[in-house]
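To start, the structure under review is shown below, and the notes come after it.
Chain IDs A, B, C and D follow the sequence of writing; residue 1 opens each chain.
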Amino acid sequence: MTDEASGIRTYSFLGPAGTFTEAALAQVPEARGQRWSPVRNVGEALADVVEGRSDAAMIAIENSVDGGVSTAQDALATVGGLRIVGEYLVPVDFVLVGRPGTKLEDVSLVAAHPVAYAQCLQWLTRTLPAHAHVPAASNVASAVGLLDGTSDADAAIAPPGILDHHDVELLAEQIGDNANALTRFVLVSRTVAPPPPTGADKTSLMVELPEDHPGALMEMLEQFATRGINLSLLASRPIGDALGRYRFVIDADGHVHDERMADALLGLRRFSPKVVFLGSYPRADRAVVHYPDRYSDDVFVEARDWLRGLLSGEPES
Amino acid sequence: MTDEASGIRTYSFLGPAGTFTEAALAQVPEARGQRWSPVRNVGEALADVVEGRSDAAMIAIENSVDGGVSTAQDALATVGGLRIVGEYLVPVDFVLVGRPGTKLEDVSLVAAHPVAYAQCLQWLTRTLPAHAHVPAASNVASAVGLLDGTSDADAAIAPPGILDHHDVELLAEQIGDNANALTRFVLVSRTVAPPPPTGADKTSLMVELPEDHPGALMEMLEQFATRGINLSLLASRPIGDALGRYRFVIDADGHVHDERMADALLGLRRFSPKVVFLGSYPRADRAVVHYPDRYSDDVFVEARDWLRGLLSGEPES
Amino acid sequence: MTDEASGIRTYSFLGPAGTFTEAALAQVPEARGQRWSPVRNVGEALADVVEGRSDAAMIAIENSVDGGVSTAQDALATVGGLRIVGEYLVPVDFVLVGRPGTKLEDVSLVAAHPVAYAQCLQWLTRTLPAHAHVPAASNVASAVGLLDGTSDADAAIAPPGILDHHDVELLAEQIGDNANALTRFVLVSRTVAPPPPTGADKTSLMVELPEDHPGALMEMLEQFATRGINLSLLASRPIGDALGRYRFVIDADGHVHDERMADALLGLRRFSPKVVFLGSYPRADRAVVHYPDRYSDDVFVEARDWLRGLLSGEPES
Amino acid sequence: MTDEASGIRTYSFLGPAGTFTEAALAQVPEARGQRWSPVRNVGEALADVVEGRSDAAMIAIENSVDGGVSTAQDALATVGGLRIVGEYLVPVDFVLVGRPGTKLEDVSLVAAHPVAYAQCLQWLTRTLPAHAHVPAASNVASAVGLLDGTSDADAAIAPPGILDHHDVELLAEQIGDNANALTRFVLVSRTVAPPPPTGADKTSLMVELPEDHPGALMEMLEQFATRGINLSLLASRPIGDALGRYRFVIDADGHVHDERMADALLGLRRFSPKVVFLGSYPRADRAVVHYPDRYSDDVFVEARDWLRGLLSGEPES
């Protein structure tokens, strides 16, 4: 965590150096020049934050090729005292690397994390039809093994960041089978007040439904729809305490400082047995949130003024 | 209006003495011993209030046999500065009366307001098959004409209250064709703060829809439904400025001091181009309003406290 | 009813000749040259139809100055075996008439049905400030009384149609206080198959809600909204069997032969303890019904074809 | 695929023998004694079915520790001509195995698929604090490597099914950190007619929303809610063609042969630019689907009969 004497802040991330998660952390301006602490999984990263060993943790939250997204979502729902303060997108983009001097045509044994291997299988089948696969423990371990002599492989599949940290030969770029794939990361700190709205914000929530009946989900979504709030993510996750009970992972367009979002949160809180507010933070894509004029802040303020007038008994102007 | 010197208050009602409207006014404890001012129609009654000639006016608002209900609803929607402060129910119950000494079997000519006549037609056809009808200008004028010599009729249809004011012979009671019919009246004053909630309250509103599209009405009703508020009256009335534009006359169970009702009013105000709050007042039937626990005041208060905590950045307890 | 030998059809209407209802009947092309049977009230008119004395009845259904609209709505909800086959609009437009030779400046005593009198009060107060009112049993009786010697009045308020039937002097036209007021009439026959759709149709229904709970009304309205159907009339009417139970009077844009309307009716029937279908018929204003393309007939047909394919197990094309 | 001469059917599954997927296939009575064809990933399994090499494929669809669930969901949404015909649940339950004669206390190097390794990390940390991890390509390859000499590890993490296929020493059972975890599998065939309803069925769908606006999701869910249908799975998945476009993965309680489900499918089809029906099939947990009486088949049938009567013009009985 922040070293009081030095003012240095600590950021936990899924290590080692060179992972996609590190690439996400590299997008955080205020993390530059600070201490980056590699950890082995998302649980460790969040524990670092909760227990004060780190100021923040970068974790994958959607469509990760490092795995663990469900774990991350469930952890955010159940571990208390956390707040998302930023969102970052990293292309799912792999390179093939070898020891210095290696040539692509010499590659027959390829080290790769099994998930990454599956993501590049079409390219490998096309380019190296005779190759064999050696599993690696992570997207970075695959390449590191080439250099430290622990792997017999001729080449490794790794994130592009590997080139910044290790003296490897680049054999091929952009070998992933889906050129548009992105992983979404969030930066998580202990509970803090939300950063000020930017107009291009997102609010993340975990919401449990009151009962397992047909109308409950709709009633939850009405809380957003009747305030003009769009959802960019909605997923049901089993709560785990009983079959058929679900919580919902929600990303809603807008900031808790927006009147319509604050009002929707009040509605959710009254409706749901459990709402976890994970934070309002700037969207990674910086896309400005659009909404009908009738949901703007001044409409809410005007309505409150009107109600206050009604209660006072003063004639309406 | 209240005479400053004497402290006497003035109440306008559709007169003359003996009408159903007077029977409604007789239900108002605080009107006893005050000045009762008979007027000729609802417009005059409301003008008395707005212009300060009366402290309050009693007007029929639903299912009246004195007529004029649409007029009353439209007037409340367009005349500003008014507030409903009480609700009263009067049975639609007619008597047949004659000059002193008249006997039922001698009746052949019956004076009656045309609407009252229609309400008693089955009884008349059965009891006095050979009778003829003489129209009267009001439910009281019918009986008064017998006594002042302006009417040739043998008997008159009138409200039971006629017996308190005029020396007439009661020929038959409860001659209305629908024994359960009730007229609903409201007592209207200038804008005042709502009376305190009693737990058995009603809130009256006029609401315009933003546009004539299929979803607008539902969106309006959601404002009530998502806060557990039942409606006891819902009627569309043409606004009159253009074909197909409607306002809605609404009676909702509960009081504006209830959190759920205040929140619904905020939602309506944000949604609608025009909401007229006509008042929260005790129901005539004193039926306690029931609603699910999840819409109770403390749930609203707790949600606000929770939101305040989120914004402060303090860890949740 | 239709005389078998002559082929003459019979139409009941609120008489006598000269009423607004007769003006509505005059708009029906197929009624020309047929037998028009004047009756005294809406109950009589509907009984004529049900019991076979008439082929159809013209009745006021909304905003009538002849009164009786609630009665008409309630009768349509409870009397079985009826179907609305046409809709007609008549301006609420009054004339002041006298005996031949009468001049406006000589008028001091005005005969008028009390409801009509209220509708012209502003004009009368302005034009004949010293006049007195003599009540009349109907909008036609007012004028007839001038001619047959039963009335002492100098002039009578009547519908414009009076000029076609009686030799009266026209003293003033368009004396109603609301120049835009319209009364809506419907032509009612015994149950028949609906007339073919014209593209500018309306469907009238009476619907009871399953229970008195906040969501029931919305659930009813969803049946229309989720099929893109706009409502032009919605009013709650007490059912009368118990306090707080309401039925809804509904006019919906479109024809039961439209797929979306038929589907909505199925949804209503499944939802409601009682749905009365009163008919699909051309709108009086001939305004073509617009609706989103996604609710057009071919979309419904295509969906059924698709479902049939799913059930058959044939691969989707 | 089914060998015409022998009548032997072929089932593809994620191999090799011993995987969780094989354990799911072992639950299928009709697969016993047939040909089981191990494949390397879900794409291969589905291609086998589409191209006729297999009669059916078993694939993990939710909460898999073999990975690939998003891939499976996306494949079902985009590959045509497939139908889910059965659902199976397999506990996520790991064993630790060694070469014959190995003892737990001698284990220092543990071979494991990285995802499985993460699932057992708490147990390993507690039981074998000094262990090191050797990654394996799959949950079975980990154990096979011990026996074929390709792995230096002392022990391997594997599914319990490994004991049925390989001569390994069982060192520890139930070493997964979450004792309640389940993976959900589905058996997929080419498009066939749905199996008959059992009363405990599930219907799987992929639905695209018409536009990215606040109300579209609610409108989709209303199709279920207004027919009393509960959803047991709802998840948004990016469609991939443009940012912010989502499809929804849906499991709904009930069978397409149920009237309410068929009607909901019609509503979805009319609403959505793309609905993929993946099948109606018995639930793995055999839990009978409960729903309000008002959504039973006979209510739908009765409503259709009623509508037919309306259209015919016959008087209602």
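The working rule: contacts are C-beta pairs under 8 Å (C-beta built on N, C-alpha and C of every residue); 3 or more make two chains touch, one makes a residue touch a chain.
These numbers were taken from a predicted model, which means no experiment stands behind them.
Student: Averaging only over C-alpha atoms, locate the centres of subunit B and subunit C and give their separation in whole Å.
Tutor: It comes to 25 Å between the two C-alpha centres.
Student: Where the centres are mean C-alpha positions, what is the separation of subunit C from subunit D, in Å?
Tutor: 59
Student: Among all residues of subunit C, which ones touch two or more of the remaining chains?
Tutor: If we look for residues of subunit C contacting two or more partner chains, we find 215, 222.
Student: What topology does the chain contact graph adopt: line, ring, star, complete, or other?
Tutor: ring
Student: Check the chains against each other and report every pair that touches.
Tutor: Touching chain pairs, listed by label, are A-B, A-D, B-C, C-D.
Student: Could you pull out which subunit D residues touch subunit A in their complex?
Tutor: Going by the criterion above, the answer is residues 41, 63, 67-68, 70-71, 113-115, 117-118, 121, 133-138, 141, 180, 212-215, 217-218, 221-222, 224-225, 228-236, 238, 240, 243-244, 246, 248, 285.
Student: Applying the document's contact rule, which stretches of subunit D touch subunit C when the two form their complex?
Tutor: Spelled out, the residues of subunit D in touch with subunit C are 80-81, 83, 190-194, 210, 219, 222-223, 226, 256-257, 262, 265-267, 269-271, 277, 294-295, 299-300, 302-304, 306-307, 310-316.
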